[in-house]
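Inspection log for the structure reproduced underneath, given as structure tokens.
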């Protein structure tokens, strides 16, 4: 097993774990962290893919994609956290409730 | 009572874990079949690096080859801060909402670290041309400096009015956009920098982006950080 | 590939996976957030190992800076007792579950 | 925002003083810039504006009110600091490694003679890196220390550091209040004593 | 200097760092957990410097510098909310 | 002058939107509104121009950003299909902008609406123009965050929850899509659609990549059973936002699926994928219609109707895959795309007019709207026209798309899909006529009736009439679609 | 290997030892305050020695100064955070451990 494969498998595993956090854990903050773990997993896969290039400098395109992805995920996280705080201030809830549709 | 709740949840849980393990097996199979020979555009990037205006391949991809992605990415960042602000009630951008945390040691730390952070942000901005670094890294350090200033209870300088803050937030994106359309006046496509202008334009964009990103990050923190004090009164929601 | 370096890779990867499992198997929210911040740090070692110092730099700057601060601030906010009006206090136990 | 937390103490310094302070900051930060960029001269395009920016921020946050720093005193302070941080590290290592773990911890509250918040903060940093002491609260003229050994002569060390810091800055120390300046408590110390 | 030396020390320090997780797990107070996270910051700086030497990547010194600068920020963000966070950890508080 | 502008049109159109969006962020409500109105007008002109060029010269317009060209840089490509989607966006967007100008009280608390909305428009334009799978990811995120921001902007309890659910699902969708992009890049080394078409080979990595991309996009398109986030988000947003989300935003990710299936020849890459999407589409039609029928709130009903109508879009994949000759395949693909257009117009009209009705009645409950047609005839009439298109009755756009579906299904011999279309139409008739009957009937007096201004009454009517007009003059649009659809479907056939 | 290399390795060993001891202290000490002692003193000293070793190993003087700068920043940051964490712990009512 090579270095790249190790990280690729780790990416696949972390993606599933993040998905678990997103789907199974009820707390909104856990869900947001789940999304972030999923993002990290995808970045791991991308950066490992970049590492295939022989020589010291890896493929720069996946790196640029990851940097873009990190910025996007920070932006989305910041917005989600603001939304969570607003929800908590308005209603005191920290989970998505079943009853919010038919108010 | 707890048992009644516990049992179906445990069953759900096992099903979920089982499904995710199955997903993992599929993903693992997919990633292990990735061909290990170089199929990307790495060589193409290296070939064009000389005419990209910078020496760091990642920066070249971000700001030249795929500058369009970065332009939209900054739009996402601006959009996120607009979203955060739209979640605030009246008096958006009021940075005085954080209760200051008074402590002489923290104050001294802030006064030592903030100038250092500015210097290192500048350094990373400069280094980004040929080494790891660039606008986003520099901007996030400036943002952290702003967060530190906010947390340590230093007063926001008077000239930094909400209007100015908004302008700083938008300026990086607008400068990038202007720089992107400048080539169009010379009968070239969007973002098609003329060879001799590539480097100055990239530096111009990165510099403004640094300040914008820093301001966006710090505003994200300030605007979404809720007050701690007990006398918090709910403003009338729109 | 010399072996001590590969060991470090395996170590990093195992830690990353264990950490992410712990983040979501944890009852205490604050603990999850601390583990998440630690995850950010350990991921930057992974970036180093994969020859991506650019990304390591970004990860270090963001994870230790704004994202970490935002998450901790959110945890604190969600524990604050001075909610203007709290109709749905019970929801805090997290008894309802859906994605 | 509560403005009582601003860093500056005393009256606003005069304009030439500010200019001198700004210049000092520029020199210091310029030197740091050289270190950061490994002396690359092409970096000054960014170096000059960012150094000026940092100096501006520093001048605004902590204006230099007097010409500071006596070099000899500084060296003495650094020597003291380095020696004691080594001793501190070894001390805590010995305590941690001994199976019996010799700890008799407690909180010690102590009045300070240093006049400004900044110097007191400096003292807090120094104390935290010295053997057996850790600052755990700093309000007005009082510092609360957590000590690993309540029997150790904390007060002597505090006074010595105060003298060293005052020497560096060339400032006068305050008179101590008449009330007993040290109280040993095993409980949470009362900072408002 | 053979580079393997630095890698070896890096692995040892890395394992030391992992032991910090025991403190994160055990707590008991929120401050204890945060303190362990701070340990990761300091040790992370050391590790980055060693790796910079081991792999001959000077850029990692920048990473170490950035970590050194920013490790404090999360700590301070914690301290600001400590009263609220602590409530969930010490006896008498609720655990979410 | 025109010769200078013309080659740069795609970039100019996008730049106008982005500039307007940033400007709208900086100014107060009235100014932002003015900026948006001007930008909307300019958009219609520019996009019509683009369409005219693409159609007139019968070509695929490739615009290389940065002058690098595909493997290294990013290309924009505009063909007949994307031109039609852009035109749809421009028309619906323009009406929505006018409607919003009348809808929102001139309060500064709503001033950020304009900026978010213009960013969303820009995201849609960029999405329809893009030809690069990673660039599409960025576009999708731009779309997501602006859409969620718009959902939550009212700050009401239900809207906040809906926004939260929406952002979690949409971000998950984006990340799944991005994982797919990573795998596809790993196996092919390119990101550009045209290059992908030449590079793909059937191997586990590419298969998983395509599957992940499609799953992520299905989540964002809200195809049954991944629709759970859509009804609350679309129903609890303010009316103009609901209209945009239902009419345009879900079409964005559908459009990407369409392109993906073409490039990867989806049914060969993953056997059964096309049929699976078709079956899910049928489930969506039935489930969405049944849910819509049981709803007690008007906007909730319209939102569930969107769930059902999304189902129709996905019928095109099995039909194209089953087609024996290119003519039939084009017929089926045209049916799906035409449905996207007609549903965009009709659903836009329906949500906008629902907003007007809710404003007039002061409640979202259907029971409060009994007898509306006497007191507010124009909104009721608008709703009826849009409903006609939704059901698929003769003079409407909905009829054309259903007719095309049925004929292509019969031609391929896969008549059961035709059955699904007919059943769906009947179900739609049930819930639409239930509401219309309620409007026509005479219940208790509505709580209050005051349609404050003409703008929000007339604007939806314009859209609704358009959905009729494209039914009568459907042929030009079909002609417009034809060459592009022909080249796109060739790859999707079995 | 020159004597310089031996010195560097010796320093690295010492510094690693301090890191290990710091972690032992973090785990063994009875309360948050004493654990902070371990963290601030042992780890900072370990880092200082490590930086000294790396500075000796490095050819460039500027790089050495830069490493020192990193150390100073870590020192200031750790001292402040430990001070603040201790303060926060006291304010939220964490009692110091007393020898029974």
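A few comments on the model shown:
When the chains are written out, they are named A, B, C, D, E, F and G in that same order, and each has its own residue count from 1.
Here is the rule we use: a residue touches a chain if its C-beta (ideal position, glycine included) is under 8 Å from a C-beta of that chain, and two chains touch if they have at least 3 such contacts.
What you see is a predicted model, and the numbers here were worked out from it, not measured in a lab.
On a Cα centroid basis, the chain most remote from chain E in this structure is F.
Of the two interfaces, E-G and B-E, the higher number of touching C-beta pairs belongs to E-G. Rounded to whole angstrom, the centroid-to-centroid distance between chain A and chain B, based on C-alpha atoms, equals 15 Å. Our note on geometry: chain B versus chain G, Cα centroid distance of 31 Å, whole angstroms. Between the Cα centres of chain D and chain E there is a gap of 24 Å. In chain D, the residues that touch at least two other chains are 32, 36, 124-125, 135, 138.
Contact with two or more other chains is made by residues 12, 27, 30-31, 34, 38-41, 45, 58, 66, 69, 73, 76, 79-80, 83, 87, 103, 105-106, 108-109, 113, 116, 120, 123-124, 127, 132-133, 136-137, 141, 144, 147, 151-152, 217, 220, 224, 226, 228, 234, 237 of chain B.
Shown for chain G are the residues in touch with two or more other chains, namely 22, 36, 44, 46, 63, 66, 69, 73, 76-77, 79-80, 82-84, 86-87, 89, 93. Residue ranges on chain G touching chain B, taken from their complex, read 73, 76-77, 79-80, 83-84, 87. Across the complex, chain F is touched by residues 26-27, 29-31, 33-35, 38-41, 44-45, 48, 64-69, 72-73, 75-76, 78-80, 82-83, 85-87, 89-90, 166-167, 169-170, 173-174, 177, 180-181, 184, 187-193, 237-238 of chain B.
Taken in their complex, chain D has these residues touching chain G: 32, 34-36, 38-39, 85-86, 88-89, 91-93, 95-97, 101, 103-107, 124-125, 128-129, 131-132, 134-138, 144, 146, 148, 186-188. Residues 53-54, 56-58, 61-62, 64-66, 69-70, 73-74, 76-77, 80, 82, 84-85, 95, 97 of chain C are the ones that touch chain B when the two sit in their complex.
Residues 2, 4-5, 8-9, 11-13, 15-17, 19-20, 23-24, 45, 49-50, 52-54, 57-65, 67-68, 70-72, 74-76, 78-79, 81-83, 85-86, 89-90 of chain A touch chain B in their complex.
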